[in-house]
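Each chain carries a letter (A, B, C and D) given by its place in the written order, and its residues are counted from 1.
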């Protein structure tokens, strides 16, 4: 029998979308137990909901500090903690859990500042703990297929990557006082960026994940198109990657009619790929000068990574929650003793802290580029 | 805390697609424990795999008979058993578990004969047990939205329902000796029908589920298009429903290029609906003389049933495994003590034994119609 | 300079959709002159409109009889006449023009009865005149590509052809007294069939055109789903073709939400094809056990017939009027002295009278099958 | 009878795609006669081909200068001349014809420099002649519908317009010496820009056409991604429009897998629109907080402009050549005496010289912005 992973969750209380998504994703493979939780800013509500979810009463904590305290001394202490709290708290919580020897799976953005992100990477390294970031769209089988195709050279050198993450759910000017929307455009709460930090980074991460390249420099134009928002609700970025690939990115929260809007198109010397999150079971592949081929999830000749990420046969549909479950299964494989091949594959696919830190740096660079009239801003060199 | 459901699984051993699908679906909501299992025709392999899956050793059974024997006397005995064994064994296994007071969730087709199906309904009724059938596509939120729209009269009287379930995965003549394909076209193993019993019934069930009508008569044309198959690999059916709706159905296993192929279109006096399993997050709705509207899963004005079946926000994707999880959640709600409203909703949506029996009768009628040159064959009246 | 074709038009007066379509199609290549016309049931209105269209006053006729009389003795008489009058008049007009040595291009259905269709074929043959029928969808380049692919064996033996032509524009019960709709369901005006004769025959012709086979027998189920219509507004047909291919066809006028609805899917031993009239620039091709390929109109490796039918480069769009122009260009090539290769290609592609007669026989057989409870009805053997 | 327009064509010789497109578009409505032509750089070949096309021998000219000379003194001289020659010759030819009192329809880009474009506008104005530019995609009915919807305020204030024109047909590095490709990336032949001047301007024009706004400033990033090209084969632009709308544009010639790639999305306070050239018969409209509606070409409630541009009923397809014919019909209406309403509509829809000059200025500004590291460059104020 596979060893089960003892898992704790901070944040994601009752009514939280992201909390349900994490819990469903963690349950799908039956490899992970929700052993401890501190789910809510209201301690009592958090404890009650954790008990409802089946967490033992003594591990249904009121705060993350209680949870850290309670867990670190237990012999059956949790191995992995997910941090799904407001962005500004990610750093402190993740840092403390890492320092105390827990593996951490953190929501994006990893931190609010580049400094914090780098500090977190150091804490993880110093404590030899795994730090992963929830760029959950990387769990889709056909995204992993695209990455495998690029890696084995099907596209030749990658010239250009064009990605979007543009939705329309902050387009209503009447939402100015809606608290669920307002904080996102307030620099005191959201930091230097709104839609780039919220959505754009998924699209940027996707380019890096699929092409296997690091982001080196950014030129950006931010715009605030609704009301008197301070932070941007729309942005266009040009991106320079480590192997010379050019990136183009558009992200928006005012694109009325777009329900989600994450997609990427990758263009190489020998062909092009296209994928859309809203129809995730197909990958479109066009070899140079040849017709487009529709690669279906579940196709028998898919890459190892794509087949491994596939749970149901071709023609049926898999969606976001199963994609997300692939990250939790990767976490299980990376942490629990298991087959070396599975562990290596998991570690090669999981979005690690370094990718999270790169994205924090990219957001920061984009905000600075915007202030400098779109000038290119180099990302700091990282040693990781 | 919600009461957890103690669940047993017969069939669905290691490497079985359907077994994984049931287990994932049952796990998604964290409401169901796999407490007992008899997974494999090979007792030892079945026991070992059950233990791997976390079933207690004394409830990891070698055969369904052992499981029945072991469970019926336990105080913590399973409440629900899923039957996912070869079709010809459904009747006996389901019947015995029902007779011993277990609720049963049976794979389709419910039984091999109309007589067996009716007998099973009687057993369920006599023992006051729930008998449900895995017409799992009915768990998709937008299918439930379609049903709700029809029920509240958006389409007016339904004139016509056109459904397909046509794939191309039995089109290779070289598969004549492939054991995974061959048995399906052998009447000794598959009964009176192949693709109608395997795929067509999902499409027929879908029409009944969405329109809320019963099937009364069938006119069918079966064809065997590959090699010397005895049973049909392609069929067209005309269907007459209880409120006068006409149905048209095409089902096939030789439609090369179709990856799955389940879809329906419903046409009423006041508008038309269209849904495709391969893009399940959208429902297309055309009011008479007006443009088509794209109803997205997760839309805030969706019906109660659709919103309840939705787990992730609009624009993200949900797939088959989450649809299937909705059936398991309905089973939990129907069986466990819970809110009356949820229980009623679950019972109204779950595909019950009567629907399963209707589909068995429909397959039988279609086979007889084919032999009678396409003449209309009435389905037997049922009292359920 | 290419020899221009002198062309006459009967029917298609001011405000008639079909008249404009014929005139645009005939103009597109600049090879055809509208030299004579009898456009309207109202002679004066017809003459005036013909003059507006640039027809010389002495050739702007009031009736087709005048036109026949006027043209047959002129040295510069028209070579080709298009018959675009109400269905019940096709036979007499076409027959008279053929008898007097004019080539005829007739709207579909060719005639109201099988006898008339056969008589027309004989007249054409006896007078050595070309008789073609406007199955205009056969002019689409990707339809011709599909035909070429079947002909060169890409699909192997064709097992199954599934076609639809189902729209929703006669779904409004309030149209019962709308004269544009009413006549279509009145047997005194429309004959034995409504939607099959109007739309279904296009889909049937398409199967024959693409597969190169003749229709041999039909089993049909007609339904009248709106109000008290006598003739069918919905039908399902099973079809048996000369080389053993099975056909399935659904046609409807009550399919609310479908804007046009003509499509076909062809399934052979070695692969499957799919094409939809509403997205006519793509043909989907799936070789057995391989991914689907999107063949774009304008692809450099398309067949001769498809490339010849293509007027604008890949990625741009071509629509119905250009498809229809291909038939007029074929008529020009078939009639005017030109290159033998072009002439042969045109004659191989033009829907000829025999195909028109086959479709009339198919409609008749379908109506008879419906009356005989769906029994198979053989089409009469033709000698053409 | 409508007065026919006497038309001359310069360029577009045998084998030229654009020549065929102009001729087909001009023929479609039967309102325009090709009365004079100078089709080829090789005078003899040009004369021969013009005669083949039915031009009278004395008006089948060898050069545009001959044509200008021959036509200007004729009583039946041409009224309109189309200039479809290499870009660098547009200015001189158009200028001379305008100076001599001919209306001009010029291929895009209007000229190679901003100075020439402005000079041409002055010539047209001074001679009271119509100068139009072939931004042919503006002839699509659903593009005109989008423009009408914006104009009547359906979208409220337009915040953002996102457009693309990105294809993959210059992605083959092996084409370095292909003369059909090479000149496009050579500044001596192509000027300051390649793909922006060739494709991007269509997308920019589309934004202006649909939103009714003028372009005021540009920030651009050009890239040369294949081989050692000097001019750009990929570009991203940010655009500032006269009423405060922000534009985002991506254009490319290396996007392998994209067959054409022109599309736009317009986002306003009250809703969003989306249109793709490759599926031009549908316009997607999403009112704020409501589901997306599919507006079909031919819908009875379409705007006057869209209905007028529509030639065939809903559900059938119209393509680029018919869209282009709408521009020729507008030219006919604008030049020939006709109904005032039609004339006004035509003049409001035709892409006029001022729009052509704005696009030349935009390309120039984009090239300068690129050299200035993406800084915003204002377009010169025009008085037109």
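What we mean here is this: contacts are C-beta pairs under 8 Å (C-beta built on N, C-alpha and C of every residue); 3 or more make two chains touch, one makes a residue touch a chain.
All of these numbers come straight from a predicted model, not from anything done at the bench.
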By Cα centroid distance, the chain farthest from subunit A is C
If you tally contacting C-beta pairs, which pair wins, A-B or B-D?
A-B
Distance from the mean Cα position of subunit D to that of subunit A, given in whole angstrom
43
Subunit A and subunit B: spacing of chain centres that average the CA atoms, whole Å:
35
Please compute the C-alpha centroid of subunit B, do the same for subunit D, then give the distance between them in whole Å.
55
Which residues does subunit A have that touch at least 2 chains other than itself?
258, 292, 296
State the interface residues of subunit B toward subunit D in the complex, per the touch definition above.
291-296, 299
So in the complex, the part of subunit D that touches subunit A is made up of which residues?
159-160, 162, 166, 168, 171-173, 219, 221, 223, 225-226, 234, 236, 238, 246, 248, 250, 252, 254-258, 265, 267-269, 271-274, 284-286, 288-289, 292, 373-376
Per the touch rule above, subunit B residues touching subunit A in the complex are 1-2, 4, 17, 20-21, 23-24, 27-30, 34, 51-54, 167, 258-261, 277-281, 296, 311-322
